[in-house]
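Down below is the structure, laid out as structure tokens.
As written, the chain order gives the labels A, B, C and D, with residue 1 at the start of each chain.
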Amino acid sequence: MEMIQSLTPVYAVLVSLSAIIPIYLSRNNPNLREFWTILAAIVKFIIVLSLIPPLLKGQTVGINLFEILPGISFGFRVDSLGLIFALMASFLWILTSFYSIGYMRSLKEHNQTRYFVCFAGSLSATIGAAFAANLFTMYIFYEALTLFTYPLIAHEETDEAFRGARIYLIYLLGTSIAFLLPAIIGTYLAAGSLEFVNGGLLAATASKGLSSTFLVVLFALFILGIAKAAIMPLHSWLPNAMVAPTPVSALLHAVAVVKMGVFVVLRVVLYVFGIDLMSALGIGTFLAYFASFTILLASIIALRQDNIKARLAYSTISQLSYIVVGVSLLSLSGVKGSILHIVVHAFSKITLFFWAGAMAVGTHKKYVSQLSGIAKKMPVSMAIFTVGALSLIGLPPFSGFLSKWYLLKGSLEAGLVPIAFVFMISSFLNACYFLPIIYIAYFGKISPEDEKDSHIKEAPKMMLVPMCITATMVILIFFFPGIVTSLIDLALNGIF
Amino acid sequence: MKDDVILRTITKFMLPFIQIFAFYTLAHGEISPGGGFQAGVIFGSSFILIALVFGKKEARSKMPRSVNDVLISTGDFIYAFTGLFCIFAGGFFLEYGELPFHSAKEGNHIGMIIIELGVAITVAAVMMTIFFEIAGKEDD
Amino acid sequence: MIDFFTTHAPVLTIVVFIFGALLAPVFGRINNSLSYYCALITTALSFVLSVYLLFSVYNNAPLEYLLGGWKPPYGIEYRVDILNSFILSVVSFVSFLSVIYGYGSIKSEIYEKRHPAFYSVYLLFIGGMMGILITNDIFNMYVFLEITSLAGYALIAMGRTRYSYMASFNYLILGSVGATFFLIGIGYLYMQTGTLNLTDLAQRLQGHFDTNVVLVAIAFIVVGLMLKMAVFPLHFWLPDAYTYSPSVISAAMAGTSTKVAAYLLIRLMYTIFGIQAGFSGINFSGIIIVIASITILAGSIIAISQTDLKKMLAFSSIGQIGYILIGTAMVNKYAFAGGLLHILNHAMMKTALFMVAGGFFYKFTSTKINDLKGMGRQMPFASAMFLILSLSMVGIPLTVGFISKWYIILGAAQSGYWIVVPVILLSSLLTAIYFGRVVHNLFFKDSEASNTGILHAKIPYSMVSSTAVLVFLCIFFGVFAYMPVEISLKAAENIIGAMPWK
Amino acid sequence: MIEFIADKYNFWIAIVLMMIGFYAIIAKHNLVKKVIGLNIFQTSVFLFYISISKVNGGTAPIIWHPEGHAEVVYDNPLPHVLILTAIVVSVSVTAVALGIIVKLYKNYGSIEDDEIKLIEHNEPELDSK
């Protein structure tokens, strides 16, 4: 493949990072501040879009900025997997920015400047990780994202928020230093380089007689180190991090942070170990079973959650493991399904979080049991929720159906029938925890106080419009899967 | 002790001898026990004796603080400058043989005595400073 | 002229300090600021000379300088190779920046009348360390060690609180015991070999490592130096000394003094004891690695429970010395380079951290962690620098802290000391915890009524700029690590290559 | 056994003195006594150095030309020189230590380290000088 030296990926990262300065400087003028946020979001999305044409032509855009240590450089390389992730994140940033403005202003939150600054920083880190050319660059952005999101989670500045943020930091920073860093060092020792290679960085060195125990331990370190993927038992930071304002939960805990986790898992499996080495070592199957445990357990826990955001959080944990299981199946459809699920889940889950925020703004309600009959007062929001929920359960004509289809097909291709059953049981469980919400909202009896309360109304337009757009996307992807799958096929070309 | 006539008289009588002995030790340090350090200590102790017998004020008037401070630096300066001068004379640091006297032997002799003089001045001044600082406020 | 300069540069590095130290009080009689400029010029000159030395030995053989023209085993010899010229540059750079920093902070913390004496003693303090680094004569090392220690006692005693005297006294007693131990060790070595020149000692000790005399000498020297280095069970003097001294001195000391003691141990371990050459049945590196690991963990754990920022930084320094020891004791090129890099990196980070702490003190006369609540709003720039430095201490990539840890871990993996890896990772986590606490107070807590006692409204530019330079370098050398890495790798090659390889 | 002790009596003296000094440094609360302990400790090392410089049948290392003796055996002068330097250092350390003690006494009215710590603990003064 042709390599084009270009600074475009660097600009994509820098746009939001440099936006921090005008955002901070215009802290006394909210309108101007928000203008900068949105401008940065749009410019970023355009830059990411501009990277598509060369990719379709079969060229790779990338640049090695500088070599930090011999064999370890700080560089970017745009491949289609990274581009899918970047496109998704930057597109959703635009929507979330509008949504945040509506949300923060309706609730009159404090410290909005810090909020927008950190938000912009987080996005830079996300895009940086998406375009990272090697493990080292990825690690930097992985850590940067953790640090940028800490103030967002602690935003409320209550004891509970600090507790949640502390747990978040301990889990993510702790595992990444204790496990991910040694894993990277181990990789460097084994391969002498950290660049992502189609077919696997370590696959090339496997013939050098590295003991399989070493590789298995290395893989275990990677999986333990990527706590952002929220594979049990390292998941409990995610429900705790839900103390953040809802837009943060929406973008960061449905799109950026957790998706970065599974994205790193994908990178490790596909580009560091490689399909062949994984199946030779037999760790793919092991990971598949390990993560299916998370799928089922998290779904069951979600059933018991009354807090809306907690229920969504456990749902996220379960859905993330879909992606991990999908890639560890090591079959074409499995991997395809798992990449598709990254996108699908992002759109569906952000819709649900937006809805949760709309509920918080419109009704100040946080519990499922309080939502009885609420659909009468907030018909649009509930319709949007229904779309997101049905998509995650996996019903057509919503895009969730597509990814589940591929995942099921992949598990059968790999000959792992139990995994197929796990997917089906989990779909059933998904239905069990989403459908009751829909049921009581539409058919439950609205309580008399709520009936009279004139404050309960639809959320402001600033919030509703982004919700509608994401919901539309959920349906759109079902009918036009080509916009995503063409890129996925491109990514898988070099691997299978 | 200020009023003790015998002590005062004997001290007055002894002081010049102590100081001359200091110079003897200094000049002879090259070939016999002695040298700049010992000379400095002896010289300094003569002032300490003054302070003990006549009181701190009297000693300070003979050796004011400002002079004392400058002396510390001066001795140090003589030492360092001699060393540096050897460099400019074409040798290594402190290589007295290269000093511009008639021969290397001569240079060694004179250079060493200059160095010792610097050491002696500094040590004497430092001894006095230490004494006056530690003796502190108690004026007796 | 260039020849002349190159020949005499090693001794000039020390001579500038002699002249500076004696001119500072003389100028001080005229005007205090003159003595300040005297200190500034002296340290600047020594920095220039050190860097010049580093460049001139980088591609050439080590420079030798014979004091008084006496040939090596008899006379005192100065010897400059990459290892010590590297540390010379670090020490002189840190001391130079500390002087700049001091322009604002010394005025507020030390009596006007004492300024000339302060600068003079400060120059002796730095000059003594430069002497330790540059000399190749073991007794000369002892003398310089005592010069720098004596100056250090006086400097600590100039602190703002009356407890500074007690801190200084404790350091004095323990420091003298340590130095005397070193002296005993030298005596035993002299007994065995009859020489004091390091190069000569190394040759004459070959084959005598199993004698009791040499073993006793090593035991005394190692214990004595570890006292000076404040390695874990011998660290009691350090926290008080760093906490109660003036801000400039905390900053300069944290960056230099313990590292110079560490250099001494490294130099002796490698050049004369040949760390792995002799000692049947005694694993010298193993012992030092275990001690260093305990130091790292203990320093970090004790730091967590501190309530005073400066004390916390002091305990953190104790832990960080462990990194330097652990890296250099592994007898591996990469680990050695990592340890050496950590001397530079830790000097920059810890000096800057103490400078920031001094900035808080300058404004609010307090360094209690609880009094720092809400500083993120009141002193945003200082707090931001503190944040960057904390990240660097934790070892986040693109900061210098990462580079040295990376090399130490790499070396540990290569030489098979796997135990080191979890120790370093665990201590990174502990570091994250204790710095996280401070950062949390800075940015997420609202200021309390108690810290409204503002002493100075504005922090002088001298303090801000010198700290900012260090913070910038912390990032710069984290991103463009090539230069220090190359230098330390080459130093490591020279040092390890000169001894019998494992 | 007796011979072993008697032969190396110089070491034993050094060790005994060193331990006395060490004991004083560690166990005494009075700061002046600590300094005295330090001095004893250092003196033991000086003695040790001087004793190892002794050459059997040697005399003081001062050049002299006695009649009838072609060769004179001298002691090794180098340790003497080293110790002279070490003594200077020791004196300076003592001076600094005593200076600090004077200041401590002025500030706390005590030279017992436990009392000083107690005073500091009860009434800490941040900006006292």
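As a working rule, a contact is a pair of C-beta atoms (placed from the backbone, for glycine too) under 8 Å apart; a residue touches a chain by one contact, two chains touch by 3 or more.
What you are looking at is a predicted structure, and each value in this text was computed from that prediction instead of being measured.
Student: Could you tell me which two chains share the largest number of C-beta contact pairs?
Tutor: Summing C-beta contacts for every pairing gives the maximum at C-D.
Student: Approximately how many whole Å separate the CA-defined centres of chain A and chain B?
Tutor: Chain centroid spacing, chain A to chain B, equals 80 Å.
Student: Distance from the CA centroid of chain B to that of chain D, rounded to the nearest Å?
Tutor: For chain B versus chain D, the centre distance works out to 24 Å.
Student: How many angstrom lie between the CA centroids of chain A and chain C, rounded to a whole number?
Tutor: That gives a centre separation of 45 Å.
Student: Report the inter-centroid distance (CA atoms only) between chain A and chain D in whole Å.
Tutor: That pair's centroid distance is 69 Å.
Student: Could you list the positions in chain D whose residues touch two or more of the other chains?
Tutor: In chain D, no residue touches at least two other chains, as defined above.
Student: Using the contact rule from the top, write out all pairs of chains that touch.
Tutor: Those chain pairs satisfying the definition are A-C, B-C, B-D, C-D.
Student: Which positions of chain B touch chain C when the two form their complex?
Tutor: Within the complex, chain B contacts chain C at residues 66, 69-70, 72-73, 76-77, 79-80, 83-84, 87, 91-98.
Student: In the complex of these two chains, what residues of chain C are touching chain A?
Tutor: 391, 394-398, 403, 406-407, 409-410, 413-414, 421, 425-426, 428-429, 432, 436, 440, 443-444, 478-482, 485
Student: Under the stated contact criterion, what part of chain C meets chain B in this complex?
Tutor: 8, 11, 15, 18-19, 21-23, 25-26, 29, 65-69
Student: Which residues of chain B touch chain D in the complex?
Tutor: Per the stated touch rule, the residues are 31-33, 37, 130, 133-134, 136-137.
Student: Report the residues of chain D in contact with chain C in the complex, numbered from low to high.
Tutor: That would be residues 22, 25, 31, 34-35, 38, 41-42, 45, 48-49, 52, 78-79, 82, 85-86, 89, 92-93, 96-97, 100-101, 103-104, 107-108, 113, 116-117, 120, 124-129 of chain D.
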